[in-house]
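Both of the next two complexes hold subunit A, though its partner changes from subunit B to subunit C.
After this line comes the complex of A and B, so read on.
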């Protein structure tokens, strides 16, 4: 393309320079500063730091609340990703065939994705409301339960309530990618399976699912990275991490340690742990996508 | 045989309808709640199909709450972030799309990894820096972290937009005597503009929806963006629920509208990697 342009060697540097410098200055440098802070005593400032080595990590790893938070993160992420994948697959299979109302449905499926997180969490809180919520009413009408259910206040239910909202928010992404994946499965393969006597289920198991494998790997990794590292708003708005910390994932715990209890260095250590886990997933992900350079 | 077939069609239709209903239910409930008369708001059982609709309470949100101020703050922060990310991101995305040197490829790989990192990592260090520079509780400070957070994704999406425009255009421009800057500015940019606009809109939506930084760094009520302002209604019963839902609708509307334009750009840049992989 432009490889042969001799007089313009400086062009890439000029084009890339501003963005690269900005990312270094406001992203990578702060991340390094965060790691550095995690080795300082709580109450340290940029001018007055007190090196404590791994003490913050020692406190963290000795704290049962940390182990619990890791568990919450793992369960929340696994359930949300699995749920979003399942819902997305159903939507994609529905949308893959033309039927009356198909364009309407494909518009509807995108809606949760476009809905801002805070707005979504507020609406769902109202639906889950103990006193006046629609869900309590519907479940009673359908005789699933008798009496009121505290979706957001019952320690056995709160995590599943926030998982539901997270699934609702992100399944459109799964639907869109899986639909794109379905379009890449050649119709001849389906026909061949039918000729061999496969029914609907057989085609799904032996043609559709294997055909979706490449998309599935990338999608699941992507969703896992996002849900694990970024799930804050839904939980914070709906339960604040409660009741009795059952929804306190690592992201909320970091926020709580840093900005509600003011253990900034401990929060930095937590952030560093989250970063290492995210980086591990990101490296796996990079191996699977059309790698730009690595 | 024909009856069984008809039965299956009806069953499939019912299943599809149920699925669609589950997806839109929260949005329907938001609209219905915003328009309820006071008498119906706390009725139990709740009126699934509202009899009377009364927009009075919802419209009172304009005067009864700070939502207009908060939306203005959100708009200012999102617009500034989008402009900065766009100005930095367009040449960077172009360079990653067209140049193949080792440095460029390294920058591209770094962009992808950076984009995977959770924004949470910036929380503590940015707090320390902002405290030092007196940028806490300052919308300018919020723009800085928001730029940090949307820039890598913006650059990456811009790259895929430029990838979609044929390199022959560049060649033609070069033959006509354009340098790399004129090629980008006068020839490629105008052609790629619709895609780039979609990317900019995506940056706008991401910033508009941002909550974690805003909640942590902005403490003054009159400086809150709408995401934090809306959250302040949660769990307090002073503001009528119709106004809360009306505020939520106002807050969601720009996202919903812009998303229609953004959808294709976002899906394109995502599935390019995912589907081929």
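After this line comes the complex of A and C, so read on.
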């Protein structure tokens, strides 16, 4: 009997062991090494460590470029999440009604999400191009502007150009989740609101939006985590962080410090900072999804 | 009726078996890991991993395939494995592998990486192998000196590309201009050969933001052509009037849409190939790319005397090195020695149109077919060209490149006055 109890205790360890080992090896160990590197001098390796304490963080926080890239990250994330939510909501509201071609339109809406990031960013780069871009051509043909618009070369426009592409890329996720949320709103609530005299806007404001609240919170948190901590490809391909650093967010700055300037330890410190900020959002997200439904 | 016995296994036995399997797996993994850390004996046959992204380009592929075959013939049982990713990911991958202590056996190193890798003590000095083959690195192309420290060679040039003035003869004839002999004539030619509405530009300069290296590679020939430089030895000279004059020249071209805006070097080279750029100061690879990709335009591409005021020009160089942590250092060094043999050096010129490490290796019939290449040879081996990268300040050169690049971009993209922008750059360079 005692032997059986021992086996019962060991069984979870055996079955969970491979998964735990995998997480340790490919997730927690690299994070630990990254954090460790952030306290070392550039060029340090495990067998040639040179401890410098918080020096890399001090250099980082004293660099005006860091504060600037935090600002860029915040603006980029806020604008992208807000834009993706708005576009996703519009798409979801349209797709929530039956009409001819609705399934086809649903598939089309998903396309940006399915397209590889690099391919999408390169196509948009050419659409926005100063010399040969389609947008500049159309704007001139339609006499909206005379001359060329520097979508990616004008420091006042570049950030909004990459935000546009980021929104285009992620809004399908918002659309799918919000559409699922719309399906859960009981039709009786809408009918009751109409009986009470609510028009289209009233139904939307007092029934639809409150009904979408749980989905909205989860969606906004997820998008924020993804956009803040993982927005690299679109900006890297389209502007490389420029012009003159106006699109240099924290993720791209980390890449730049590590692979262009060879300050790997400083890049590790930046990565640690980004991870902490993303982790804070993730904690809020976990708190929310674990909270008992009211 | 017989009932077939179902094989059973006790829980204890199952756990024991699982633990044994896991233990065996860990042991195998550990053994594999341990064997990777031990360098193979020098004479042993092995697969040598070579990380050279140019293998993915036409011409270079043929050259390296031939080199790999020659290696397999000379060292039976051994073979070369080309392991490189495409160029955009290449340097990030190699840096990561070097940092992790598990690099390939032969790596390509470009100007911005060279000093850093040497300073980090990641590269094996190649002198024993060079000496054994009777080669003196001091007789190599002038770029070799960038890879020397304390009289030791830490890498050898895989190729060097001095900059040459190329122009599209058809576009010049169409615009009614001759080959420019001086700056004034060139400025006039730039104006007349530009037609932004049809997407045609007088000159090609990559000005994509976020890529200071790409910007410097295309900008430095102009700065040097005006007699300027961002460094005099280790002393920053960003406010030198000749630097300012060069930047004013570029800014003027930018304002008048005579150079494309915001494009990277690859796209600029493609525009040359498509006949959309009338002139460029670039490496000879631009010429050969056009010859192969668009023979009609390639036939119109000619090299001429640089019309900028100073004869000084720039070179970009790629080296091959053997990491200290490489598994097969001896074979890797022998592979590099094979590249330095006369046969392979001549093949390199013929197939890639780039300068090899050793002088006297450009075939006479190649020069006969491409007379302008004589100027490339003279620049490359005569010590006239300097690197776009300030090797003399070591790894701080990358910070310097970023500071200079951002300063230049502020002139182009934000309309900053060149004097003011370069004063800011000078301050940053002095603080490095």
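In the analysis below, the second predicted complex is superposed on the first by the 273 of 294 C-alpha atoms of A that agree within 3 Å, B and C clash if a C-alpha of one lies under 4 Å from a C-alpha of the other, contacts with A are read in each partner's own complex, and residues count from 1 in each chain.
Definition applied: a residue touches a chain if its C-beta (ideal position, glycine included) is under 8 Å from a C-beta of that chain, and two chains touch if they have at least 3 such contacts.
Keep in mind the model is a prediction, meaning the values are calculated, not measured.
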Clash-or-fit label for the pair subunit B, subunit C on subunit A: clash
First (subunit B), second (subunit C), both or neither touched by A:204: neither
Touching partner for A:245 - first (subunit B), second (subunit C), both, neither: second
Superposition-derived comparison: subunit B or subunit C, residues of subunit A touched: B
Subunit B versus subunit C as contact partner of A:31, first or second or both or neither: first
Which superposed partner A:150 touches (first subunit B, second subunit C, both, neither): second
Subunit B versus subunit C as contact partner of A:11, first or second or both or neither: both
Partner chain in contact with A:286 - subunit B first, subunit C second, else both or neither: first
Subunit B versus subunit C as contact partner of A:132, first or second or both or neither: both
Contacts of A:160 with subunit B and subunit C, given as first, second, both or neither: neither
Touching partner for A:268 - first (subunit B), second (subunit C), both, neither: first
98-106, 116-124, 350-358 or 368-376: stretch of subunit C that collides with subunit B: 98-106
Doubly contacted residues of subunit A, that is, touched by subunit B and again by subunit C: 3, 7, 11, 14, 18, 45-47, 131-132, 236, 258-259, 264
Residue ranges of subunit A in contact with subunit B within the complex: 1-3, 5, 7-8, 11-16, 18-20, 22-23, 26-28, 30-31, 33-34, 37, 45-47, 90-91, 94, 99, 101, 105, 108-127, 131-134, 137, 141, 168, 173, 176-177, 180-181, 184, 214-215, 217-219, 222, 225, 228-230, 232-233, 236-237, 251, 254-255, 258-259, 264, 267-268, 271, 274-275, 278-279, 281-283, 285-286, 288-294
Footprint of subunit C on subunit A - complex, ascending: 3-4, 7, 10-11, 14, 17-18, 43, 45-47, 129-132, 148, 150, 152-155, 158, 236, 239-245, 247-248, 252, 256, 258-262, 264
Residues of subunit C touching subunit A in the complex: 11-12, 15, 18-19, 22, 91-92, 95, 99-101, 116, 119-120, 196, 199, 208-213, 260-263, 395, 398-399, 402, 406, 409-410, 412-414
Touching residues (chain side subunit B, partner subunit A) in the complex: 16, 19-20, 23-27, 29-30, 33, 41-42, 44-46, 48, 87-89, 91-92, 94-96, 98-101, 103-114, 116-129, 131-132, 144-145, 147-148, 151-152, 155, 167, 170-171, 174, 179-181, 184, 205, 208-209, 211-212, 215-216, 227-228, 230-231, 233-234, 241, 244-245, 248-249, 251-252, 255-256, 259-260, 263, 267, 270-277
